[in-house]
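There are structures below to look over.
Common to both upcoming complexes is chain A, partnered first by chain B, then by chain C.
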Partner chain A sequence: MNGLRRSARVLFTLWWLQLKIVAVSAFDGILNVIYPLFFATTAFLMFGQSGNPEALVYAGLGAAVMGTWSAMATSASGALQSQRWQGTLELLVCAPTRLALAVLPVTAALATVALYSLVATLVWGRVVFGIEVQIASPVAFVVALAVTLASLATFGFLLSVTVVRYRTGWALGNLLEYPGWLLCGFLVPLDLFPGWVQWLAQTLPPTWGMAAIRSAAAGQTPWGEIAVCAGLGLGYAVLATILSERLVDSARRNATLALT
Partner chain B sequence: MSILEARELRRSFATTTGVLRRRTDPVEAVRGVSFHIDRGEVFGLLGPNGAGKTTTIKMLITLLLPTSGSATILGHDVVAEPRAVRRRIGYVFGGDRGLYERLSALDNLRYFAELYAVPAREQAARIGELLEMVGLAGRERERVEGFSRGMRQRLHIARGLLHDPELLFLDEPSIGIDPVGARELRQTISGLREQGKTILLTTHYMFEADELCDRIAVITRGELVATGTPAELKARVSAGSVLEVEVFDGLGDRLSVVEALPGVRSATVTTGETSQTLVVSIDAGADVTGATLDALHGIRVGRVVSRQPTLEDAYVELVGS
Partner chain C sequence: MPMRPGASASGGASLLAAFRVVFVGGVISFRALFNWLNPYIYVPTMLIAPVFQILLFAYVGRSAGVADDGFYVIGNAVQYASIPCLFAMANTIAGERFTQTLGIVLSTPVNRVALFVGRSLPVVANGWFVAMVALFVGGRVLGVDLPLRVWPGIALCVVVASASCTGLGLLQASIALRVRSTAVLSNIVFGVLLVFCGTNVALDALPAWMAGVGRVLPLTHAIEGARRVAGGAGLGEVAGLLAREAALGVAFTVAGLLALRYVEGQSRRHATLELQ
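Moving on, here comes the complex of A and B:
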């Protein structure tokens, strides 16, 4: 019990302090809002051509979550690299706390910041393009959003520990950004893709999160999708925790922690 | 009682050359290093760049696995029990890195207090105490990005002491710090020694090692070449004295003439802005002042000083041999 309480305290304190690190940079803050708006605008203009209000609402919700995916994919892969540049990665590794507890708050803070982009996209769609997203089940909608962001944080956690040994690992995030837009069904229904793509998409938590958000907005029952999203997110966290220990051992063997 | 025991530590790295025809060669950075540190001791590890100091430290603080050999800290093996070792050691390195620039000093300490499992109810008092000790009380709410290098270094030390470790590793803590900052840092380290902390210190500044260390090991090309107290090292390497002669013209072949004089162990030249200094290491009991000045006949000579060997003389001889 004490261990659990301590872990929760470490996660919360480090998340809050990481959030402070991200929040004090005006440049990062503006970028986090403007960058998703750029792509959301492109999507709104494309879907607006159909003249179908339902398609615009579909794009409005999709573009909002799409921004969070972009923020996480591009930032998480470079999160540990930036710790390495700052010289703090070695200190995180040589602390008695498990590396997983030190890294998860970093990606959780990134996911929290991604929430800005989500809200900004919804407001942008409403104000500039007149897209009114009706939320039929607000409680389910908020839960679906929270679970999606939490699962994005664990996805980022897995991504960051996977590339920690490679100094150009941050590039993987850029590589994943655009395929993720399609695979998670942000803008295009997954039914349009071949079976193997759909199968692949279902291993990604945001796919289920996106589906849950759409269901909640439409007044359908999203709880099954939320449960799968949460389960997958948890699975990613467990996998990342195991991987982080293995990768640290490997980095200690191969002397790759101090690479700059 | 030994708090740290290193036995035959070795570490090799693979270096790769070539693009199409890649070749991997092993490089031995540390070659069978053995030493121990007693409780309450300040132990210096000295050596030139690339000698293996930092690699040795990284093996001891569990950041690197040794290729062979073993080490224990307070009875815990650095390979098999890394977490137990990490709970008992602090690690501070020199330079600007290793802190969260956008956080205040206080938040940096809170961050690492959590990671180093400082109990929540003790954190505020401990952080306050450490800020006071390193002279940063009153500046704790400022962001680290505005700190001077000396202030950062003192914050680093506070960070390394958060969990009250029994053994503190200080890896070139005074590098790049101005003389006043370096003096303050030495005072902080002296204070830690008075508190009974055990410290492993690496530095390039010999006077710093001489002032702070109870014992010193000299490492070069991955091997320990000498271990002892600063006085023992000075005596062991240069049982005799040192003659310094300031000269204003080129020495030409006179250096080898001086080196060949009876009673001369070695002769080196350091070049200053307006003159050169001939440093002659002399055997105990020998007097070569007259013979040296005769050998320099025709060259403009300035100050002539005979002095006892310093740790730096000992170090240069050990590392150069």
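Moving on, here comes the complex of A and C:
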């Protein structure tokens, strides 16, 4: 019980500390709000040309959640690289706790800040483009959103631990930004893709999270999608925890922790 | 041949020194400062990511039922040249600052025009390469067939686009002398170019004020020129567009050099040159 309490304390303290750091970071805080707005604006202008108000609402909701993926793909994979540049990665690895407990709060803080982006995009769509996103089931919507963000945090956790061993691992996160936007159903319905791409999309938690958010907004039952999203998030967390131990061992053996 | 402070040189020697700074110094600086040249970074960031940008907007276009794939392939491939151009030019300042060599570089008696123009030439070449690869691969993936005869014209449009965007990058580099978060700045400029340059929404479909802004930004005319060439227009028909694009590039380059000179003086006075 004491161990569980200690772990919870580490998670909460680090999450709060990281949240304060990230919230005032120009790159992870401010840019993660502004950057998705450019893509959302482009999407709104494109869907606006179609003259279909329903398509615009579809894009409005999708574009809002899209920014949360950016916060994970780019920022989470760069989070530990920043620690490496600052010379604190070795301290993080040497901390007297599991690496998973030290890294997961970092990506959880990024996921929390991603809420800025979501709200900013919804407000932007409403004020500038007149897109009214109706939420038929607010409680289910909030739950779907929370589970999506939590699963994104665990996915980001998986991305970030690769940087412990591979110093160019952050580029993987940059690379994943567009594929994630494309595959998770934010702006493009999955049935436009070939079967194998749809199958691949089903392995990503935000695909289910986005579907759940849309269901909740439309007043349908999102609980099945929420459960799958949570399950996938948990799966990624387990995978990242196992991987983190192995990658740290490898990084120690190959002395790559301090390499910039 | 480098000159010592206070030394005088003949016109020929100083011209030779300027050429060495432009061509030799430019390449060395590019290799040293553009740390994305590592293949593990370059391939995903410069060669694969633009293809996914093309796919994203082509599929959004299909979903919205507007424009054909070719429109998005050309627009996004040319626009992606801005990533290497903006980031690499910002790194000419930020990279030196990070390695604490900025003060040394700016205290040399070297001709500033030669210094920064030299640093921009490899950037133009890289921007062109990135955009052309994106155009080729993106076109193949989406089945957009561009006839062989249009490729030289498109390649020329992309050269002009990369050069003008590098001019904007130079202006941005001057801001990087005072603003420390160059990555944030480069990303925001990239976003502005994405929205305003007719990359995914044709200028005549944009609100008038946005189209007006787009017309004074790099890339807009080159993207339009490349689309027309792909549609069968001859180079003579797009010469006006390319001339406007080139003129904008020259204007941004001159503005960048002037701004660099001004901000360098300010940074010396406020001792902000090497603030990390």
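Keep this in mind: the second predicted complex is superposed on the first by the 255 of 260 C-alpha atoms of A that agree within 3 Å, B and C clash if a C-alpha of one lies under 4 Å from a C-alpha of the other, contacts with A are read in each partner's own complex, and residues count from 1 in each chain.
We adopt the following convention: a residue touches a chain if its C-beta (ideal position, glycine included) is under 8 Å from a C-beta of that chain, and two chains touch if they have at least 3 such contacts.
All values reported here derive from a predicted model rather than from experimental measurement.
When both complexes are overlaid on chain A, chain B and chain C end up sitting side by side without clashing. In the superposition on chain A, A:Ser50 makes contact with chain C only, not with chain B. Once the two complexes are overlaid on the shared chain, A:Ala144 sits clear of chain B and of chain C alike. In the overlay built on the shared chain, the residue A:Thr42 is in contact with chain C alone; chain B does not reach it. With both structures placed on the common chain, the touch criterion links A:Pro179 to chain C but leaves chain B unconnected.
Our angle of interest has its tip at the CA centre of chain A and reaches the CA centres of chain B and chain C; in the overlay it is 80°, to the nearest 10. In the superposed model, A:Ile21 lies in contact with chain B only, and not with chain C. With both structures placed on the common chain, the touch criterion links A:Cys94 to chain B but leaves chain C unconnected.
In the superposed model, A:Ile34 makes contact with chain C only, not with chain B.
With chain A used as the common frame, the shortest Cα distance separating chain B from chain C works out to 11 Å.
Chain B makes touch with chain A in their complex at residues 13, 58, 61-65, 83, 86-87, 91, 93, 95-103, 107, 110-112, 114-117, 120, 143, 159, 163. Chain A makes touch with chain B in their complex at residues 6, 9-10, 13-14, 17, 20-21, 24-25, 85-88, 90-97, 102, 249, 252-253, 255, 257-258.
Listing the residues of chain A that touch chain C in their complex gives 26-27, 30-31, 34-35, 37-39, 41-43, 45-47, 49-50, 52, 55, 59, 166, 168, 171-172, 174-175, 177-179, 181-182, 187-189, 192-193. On the side of chain C, the complex with chain A involves touching residues 38, 40-41, 44-45, 48-49, 52-53, 55-57, 59-66, 181, 183-184, 187-188, 190-192, 194-195, 199-201, 205-206.
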